[in-house]
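Sharing a structure here in structure tokens format.
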């Protein structure tokens, strides 16, 4: 069970063999009360945290407070990779539309991605078909995997853009200089984007 | 329970708020089977891993394979901070004595140390009184906390050195240049130790 | 002269006391031929490299190959902090206008900046007055100092925008996600910019 | 000359292409007075700094204040790689013998080492033959190159140890835990040395 725990910890995001082993030793050194508390909370996390069947974010409480909020603009649908991205965007306090959590990025190499259950492309298609937003914002990361995922989403949603009664605009987050970027160390792609998007 | 899990993960070694939250989301996204497997292994870790009541290391199997190994020199007792230190020393393959795992270092600042249950100074005293080794090797880290802990151990064991029938030698791991050390970047303490311990 | 050399090396960009001393020792260990070659090239750098009196970049050859290139769009004037920024932008291969090298940023803290001679705000004013570009692109870094410098430039150029016969558009490089940016780790300012500049 | 300066800066210790170019631009931006001051000091460094013909360290002043100091123990000869190592050892304030500066390490890969002129193995042989110290301390770094260099020195000096009237002891700086070393992250070699050298 010690080795099984190490195996399980290796599936945690960002955890390698050395830290997985430290975690297992850490647990071995805890008393029965701590272990029971930990195990109980793990088993009951599903009671506390539910996954919204509309946007697929995790939420506590009776209902998803974003999907159920009628003051948020349902014409805007932002697609994010994961819950922490959504939280970070909410923290910026400048977005008042809806979300859809895809569940990760299309992986090029890392076998840990996508997580068990895969990405929710099918659910996204259904969501867009039903919600009929005016604009879909692809808020994937500016990485090779993020760009690849956005390209794939555009392809999937293409039929909906053409066949639905109204035109759906698909946008991406602006590319350019992020806070702290120095021109001296910028790659050509960033410089090129920053120049095109000047204003 | 989501927030409680974050609290628990914050007690894990080396885990900060951001990663604790990622772990909680990671668990929220796993299926019931994964969660049950994880919780079961946590609850049963004590069945698999036992803590030796002589050296206090964690071991799997019927008995501690170091304490029960009659080919290991019981006249040598090495005191280490934690299990991973012991493992690393075993990996070097050059020590054939016994061990005692203290459970951490006397902390100067970090509130995470010592872990729940405190350090085993009392158990160490009893162990030395009973085992009567010829030499005790203080194998704490060459950090302020490690040095402080070794000083404290020496003070605690002082009565045993004087009252027992035979003299106990207390040694510390050699100080000097560790692999990769360059003279240009060495601190004065290391240079001083390296010079004193030249041979 | 050894200590004077250390003082001089301390003025070099990015050089601290330890490295300045290593450089001085390095020179002390070189033969007379090396030292003469080094000194000669230092004294003659001005013969080889001239500073363009129009854009203030350094150039080799008979004339500044950017200012003298009639195929470059003189209606576009990009203001950069320093020569290496200009080089990096040229490397991206997507800009075909003219440049003006300011000489650094308005410093908030670092006493090494601005370099001897100060920033060329006055020269910039004269350049704009004479060149009458249609657009001025403020290509300072997306740092506090860079933003501060751009604000100051806008203030300085304000009279020219209003009094000249034609309207001068002043733009800044686009803000948003730079290559490699992950949403999870982005600051609110970058997220806000990326959302505003989506397309 | 701009490119020649970049070539020269590339020979400086620890300087890569990007920084070499920044240095060249930095010089191009300085006024004639600065450049003349810099060149003058470079040309005159040999007048200010002399290399001791006994220990080969660089010194300012009328004579090498270590070799000429009759209060320093001439029976102890410490061999160091370079001047900054010697300075760092002096800073520790615990060594009162003499030195010999070898000029670098026997290089396994890096083409920048040894510096122009090569290492002073021959001079070392002559120095030992003449000075007849009681102990030679090999104070090379605890790196592969440092160890290799020490081995080579031992081989070279072997004839002197056997033929001279008195026996010369050759020692090395002590190996073990350097300041800050944690057992958890130590390599087997360091652990092995620390255990052997315990006391």
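Note that the chains are named A, B, C and D in the order they appear, and that numbering of residues resets to 1 at the start of each chain.
Note that in this section a contact is a pair of C-beta atoms (placed from the backbone, for glycine too) under 8 Å apart; a residue touches a chain by one contact, two chains touch by 3 or more.
Fair warning: this is a prediction, and the values are worked out from it, not measured in the lab.
Looking at the partners of chain A and chain B together, they share no chain. Relative to chain A, the most remote chain by averaged C-alpha coordinates is D. The geometric centre of chain B is 38 Å away from that of chain D, both derived from CA atoms.
In whole angstrom, the spacing between the mean C-alpha positions of chain A and chain D is 54. Chain contacts: chain D has residues 82, 84 touching two or more partner chains. Taken as a graph of touching chains, this assembly is arranged as a ring, one closed cycle with exactly two partners per chain. This structure has the following touching chain pairs: A-B, A-C, B-D, C-D. Residues of chain D that touch chain B in their complex: 80-82, 84-85, 88-89, 91-95, 137, 139-143, 146, 171-199.
Residues 1-2, 4-5, 8, 12-14, 19, 21-32, 34-49, 51, 58, 60, 82-84, 103, 115-117 of chain D touch chain C in their complex.
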